[in-house]
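Down below are the structures I want you to see.
In what comes next, subunit A is part of two complexes: it sits with subunit B in the first one and with subunit C in the second one.
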Partner chain A sequence: MVKNSKFKTKIAGVYIVFAYLLIRSFVYSGSARAQEVSLSIAPPITELTIQPGRAFSQTFTLKNDGIPVTVVAKIFPFVPLDRQGHAELIEDAASVGAFTGWFTFDPTPVSIGTTGSHNFIVKITPPPRAEEKDYYFTFIAEVQNDNNLGVNNSQAQARIGANILISTSKDGNPGKKASIIEFSAAKIIDSFSGLTYKVLIGNSGASFFKPVGKITIDQIFGSTTVLNLTPLNILVGGSRQISCVQGEEIISCKLPGKFLIGIYRSNLSFTIDGSGASIEKQIYTIAFPFSIVLGLITIFVIYRMIRKLTS
Partner chain B sequence: MLKFIIGLILSLIGTVHAQGVIQSPNYVIQMPNLNSGAGIPTSNNYSLSSTIGQTAAGLYSSSGYRVKSGFQYIYSIIPFSFTVSSISINFGHLAAQTPVTATNTLTVASGGAGGYQVKASENNPLKVSGTTKTIPNTNCNTSCTNTTAGIWSLSNKYGFGFNMSGNDIPADFTDTTYYRPFADRSNSESPQIVMSSIYVGRGRQSTVTYKVNISGVQPSGIYNNIVMYTAIPSY
Partner chain C sequence: MHKRELMLFVLVFIFIATFATLSARLTRKANASSLTGASVTLANSRMSYKAAVSAGSSGSSVVTITTGGGYENTNHLFPGDVLCFTDAGQNGCIGNTTYTVAGIPAGGVTITLTSPLANNLDTSGYAVATQSSGWTLAFTTVAQVPIGGSLVITVPMADSAKGANAIPDTTGSLSTSGFDLSTLGPSNIIVSAGCTPTSWGTSDMATIATGSGTTDHVFTWARAGSICAGSTAITVLIGGPGMVNPAPITSGHTQGTADVYGITIQTKDGGSNVIDSSVPRVAPVEAVLISATVDETLSFVVGSPPGGAQTYCGAQTYIATTATSVPWGHFVAANTFYYAAQTLTVSTNAISGYSVTIEESDQMGKNGNTCTGTAPSGTDDYTFTSGKICIRDTVCTASVCSESIAYDWVTAASFPGLGYSLASISGTDAPFFYNEKNRTWSAKQLADKTQGGETANIIMSNSGPVSANSIYVCYKITIPGNQPSGYYYNIAKYTATATF
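Take a look at the complex of A and B:
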């Protein structure tokens, strides 16, 4: 009797293990699809102020959540592509070769399995005679492809990057200078249209910086609203359209509220990297319920027409 | 036996990950590997950027550098990630004046980086390896370039091109009939943006639809090329 009970328990155990393996094979069938390349990189940006001739090592962690891949690390200089923080990589051999001595990293291909990761250590050493100014680069992890499948096809090659902003400075205080290129909003708006601001800040200094500040909107009847600027990097010689931030979400700089009326005084104020003198500009906007007035006039005209027709 | 069953159920519910992952209702925080003298931040308020080096002039001169990693307005440290759904887009047998299409999906999560861009380019037009035989890049029905899409619907217009649909795509891809040729690096053309945003994005997804249409005089052969997608976070 006891033996029989033990046998049944064993059988039940085998069934449970089998069921477990079956369920597990469905539950964890693998996030990686058959052909999917999925990479992530951290940190997405490195901002370095460094003395020429000194060294700093940064580690970029590449994680693979797709099929096993072979990856090669590369570093390219970049220039700003637009006013929205996008980069244009400079990939010609001469431009890349000009900075060969700046970076030390392992250029040999690395195999990374599914759910595996790899740390790429990049030693950054601006030469002792490097000019004191800004240099911008992107670290690229490039998946290697082999296109010999014997069918008409197009291979997709994935590359993922992380930006490196370098300011070389002997004293650690490169000259930073900002200007408000544009701070604008509509001068007259309908009460229901909302009030959207355009903020364009320029960098005429010797090093990249972040504007740290806000737009303070005072309504003539007393209410005050504050929109916080997103502290985005503005690179030397360029300008950047600055959005606002709410929590961790980047949003457009827009006055919330469903009904605006009266005169609104909007004051843009920011400092460079959160310190030093505040840079400010004020603009005014009048909000009036034009749509309501237009609606009332339309109703009145229709009413008059109906009255005229019926009389 | 009961303990065994409970153990099995628990193992189904969750697995132990070797890497340090912190989850909150809003974010999964994958700890980055910062080369930080101060180590990885450990407080409950996971700091946006890890600041290494010192701001005081004396300390700067001794360490020789000051560094920040990450974005200062994003308090969670989330890797920038990029997914391409398929590394091989097969067109199968190509027949004259019978367009073939195939799709690929691009997914970007720029939660820790704010905005981003994805650029695309081809190493060369579809080509028979080791020969000069190519399927030329499309000119669409009338015209299109690697920066401006055009309607490509006629079966007697031949070539290779792509359409984009989904999140954060260029505005010139008005609908599924609009195509562009890929920028051709063998012709010194610069890669072009196919996805971009200035906002924090999680799971932004677009579909690339490749299209090939050949004429009756297209030489036979196996045609291949490589389309490179480069995803970079905003600075």
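Take a look at the complex of A and C:
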């Protein structure tokens, strides 16, 4: 009887272990991951100032955390799409062909298994006669799909890219010139509306740069607030809307505080890449509690009306 | 009195006297026992750092140490630690200046500083990074502490050292090493709980006897006002600047192994006889630097949510997709909407953010036909230049949506073709949504870059770092009843790049 009971216990134990493994294999398996194309690329941006004729090698590491994929490396020129730093790839053969001599990398398809990675080594060599100016490219890792599924379909092709910003300069000191295209805020605001700034900086020089600076806001009663500009790249011939940064967090350039009153003097100042002369502009804003005054007037009018009606 | 009686008297006297004497002594010894639950907790158990300086010149940001004399290498020093350089006599910091460690180059004997030295260093002096700690001592009395009795705590101090100069001490052995008292005063060493704390010492504060180099530090609280009963939990706090933890002993110490010190806690009666005692241990040990380098990276995931009776972008019954295809299969009915969805997820620590664009290789050509232009050239909805047959990109409504302008797309029979919309899963990185502007299914065309000369459209973007922000990309297709039979396909390209 006792032996029989022990045997049953053992059998139950085996069943429990088996059931656990079975459930685990189906429920906790990496099936979700297996259905994804998941790629990472590092570094996402390369900034380079180089003499024409010289060479520089950059390694782009592509990591695959999804299904096994076959990837092909390509490099396309790009132009700024907007003032937010987005790029528009120029993929026509003529534009791509114009820079074939600039880059040396292995264009053959590479298979990367799940959790695998591959280093693409790109040798960048602007030709000796390259004009001294900026050139912008995107290194693209493009997933190769199976062709001909045999049914009506739209294939989905994933591509991940890293931008390459190149300034060619013989003396290593390309001319950089910045201008404040817009530094604005409302001239008169309600005390509760907040004070938001728009900062638009242009690049009229020969090389991309980052503005390093701040907005200093002085209130007439003495308090001073500083908003730090995000050091974002501004490409040649373009402009960029600049946000502010607090620690590692990107924020809008907005004066914090719940109640603003008085005259606010806002001074935008920055330097190109953190050195050289400071470029500045000042604006003034008046903050007044219009909503409170309006509320008081409304209350007063209603009060007078009630008094009239009751008298 | 007879001789016999006299002897008896003497014997009785000796017996009583001996009994009285021994009982007094032995009874006390029998009562003395260990304080129960005695413990000492250090808020910071990291050992102080102390090394012998080898070289360091004014204006230089590099200091070299030597491990001679058993002092430490740089393994126990980390970026951000504050260093004081003393002379040989350990008379404070040279120039009254402290420095912050910038880095520890390989080799174990070099320290780089965040700012250059203001003075030449004494090559017989020391580099010290002081680690101080508040203490909490807790125990429970066994026997009562009478009025006039006392509580005594003894903390080991390094022999022949300056035991209260806030510079960590160390010697060649545990028995002779110990803690520095720093600038602790009576108000920093108090009984915080147990037997009415203000009845201990001077309103709970200790009397401090700083160690002399041959004696240890002793903190004493005289008991006044009332008896402290047995079985009472007592807590003593050492606050203020805290005790300075010793540096590792200079002989026989293994880095990563604690140096263990005993702290003696005693209760005494009015005659300074020990009532109860205990020696809880403290174990300062080297810290471990945990470091990692995070590369700037961009991650992009294309996923396929479950098909069937699901709701994405406000519509139900979806064709199952994969990460690489949207297999519409055989269209069972004309003038009927079919739906498919994929998920896109992006993570990046790039400060300027990222964007994902969508474009198509061409409109859906029959057997891979080239569909020149952006719209059919014929009067029907499927004949393009040179008579090529395609499934067109939808125009949504009479107002005509495009790759850049969205419109509501609700009538399958009147506006056939392929289009897409977006919905957020995590974050708000999509530039438009299926239900924007009170629409039922706000849609756009896929940008036909190759044959239509259109510009790839941004479908996700953020101006800062993001962690797993994701959206649904919902595709929708319908064909007219007279769409020629055949096999139609194209390629939708998602391109994720960091913002420059």
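Just so we're on the same page, the second predicted complex is superposed on the first by the 278 of 311 C-alpha atoms of A that agree within 3 Å, B and C clash if a C-alpha of one lies under 4 Å from a C-alpha of the other, contacts with A are read in each partner's own complex, and residues count from 1 in each chain.
The criterion applied here is as follows: contacts are C-beta pairs under 8 Å (C-beta built on N, C-alpha and C of every residue); 3 or more make two chains touch, one makes a residue touch a chain.
Predicted model, so just to flag it, every value in this text is computed and none were measured.
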| item | value |
| --- | --- |
| Fit or clash between subunit C and subunit B when superposed on subunit A | clash |
| Subunit B versus subunit C, judged by how many residues of subunit A each one touches | B |
| Subunit B versus subunit C as contact partner of A:S38, first or second or both or neither | both |
| Touching partner for A:A93 - first (subunit B), second (subunit C), both, neither | neither |
| Which of subunit B and subunit C A:G66 touches, first, second, both or neither | both |
| Touching partner for A:F56 - first (subunit B), second (subunit C), both, neither | first |
| Which superposed partner A:L309 touches (first subunit B, second subunit C, both, neither) | neither |
| Which superposed partner A:Q157 touches (first subunit B, second subunit C, both, neither) | both |
| Which superposed partner A:N173 touches (first subunit B, second subunit C, both, neither) | first |
| On subunit A, positions contacted by subunit B and by subunit C | 35-45, 61, 65-67, 80-81, 84-89, 136, 138, 140, 143, 145, 149-163, 165, 230-233, 235, 243, 245, 248-250 |
| Touch list for subunit A against partner subunit C, complex | 32, 35-45, 61, 65-67, 80-81, 84-89, 91, 136, 138, 140, 143, 145-146, 149-163, 165, 230-233, 235, 243, 245, 248-250 |
| Touch list for subunit A against partner subunit B, complex | 9, 12-13, 16-17, 20, 23-24, 27-28, 33, 35-51, 53-61, 63, 65-67, 80-81, 84-89, 117, 119, 121, 136, 138, 140, 143, 145, 147-163, 165, 171-173, 210, 230-233, 235, 241, 243, 245, 248-251 |
| Residue ranges of subunit C in contact with subunit A within the complex | 295-304, 321-331, 340, 342, 348, 350-355, 360, 364, 391, 418, 449, 455-456, 458, 461, 463-465, 475, 487-500 |
| Of subunit B, residues touching subunit A in the complex | 1, 4-5, 8, 11-12, 15, 19, 30, 32-35, 49-50, 53, 55, 57, 60-61, 64-94, 104, 107, 109-110, 112-115, 117, 122, 126, 129, 160, 190-191, 193, 196, 198-200, 210, 212, 222-235 |
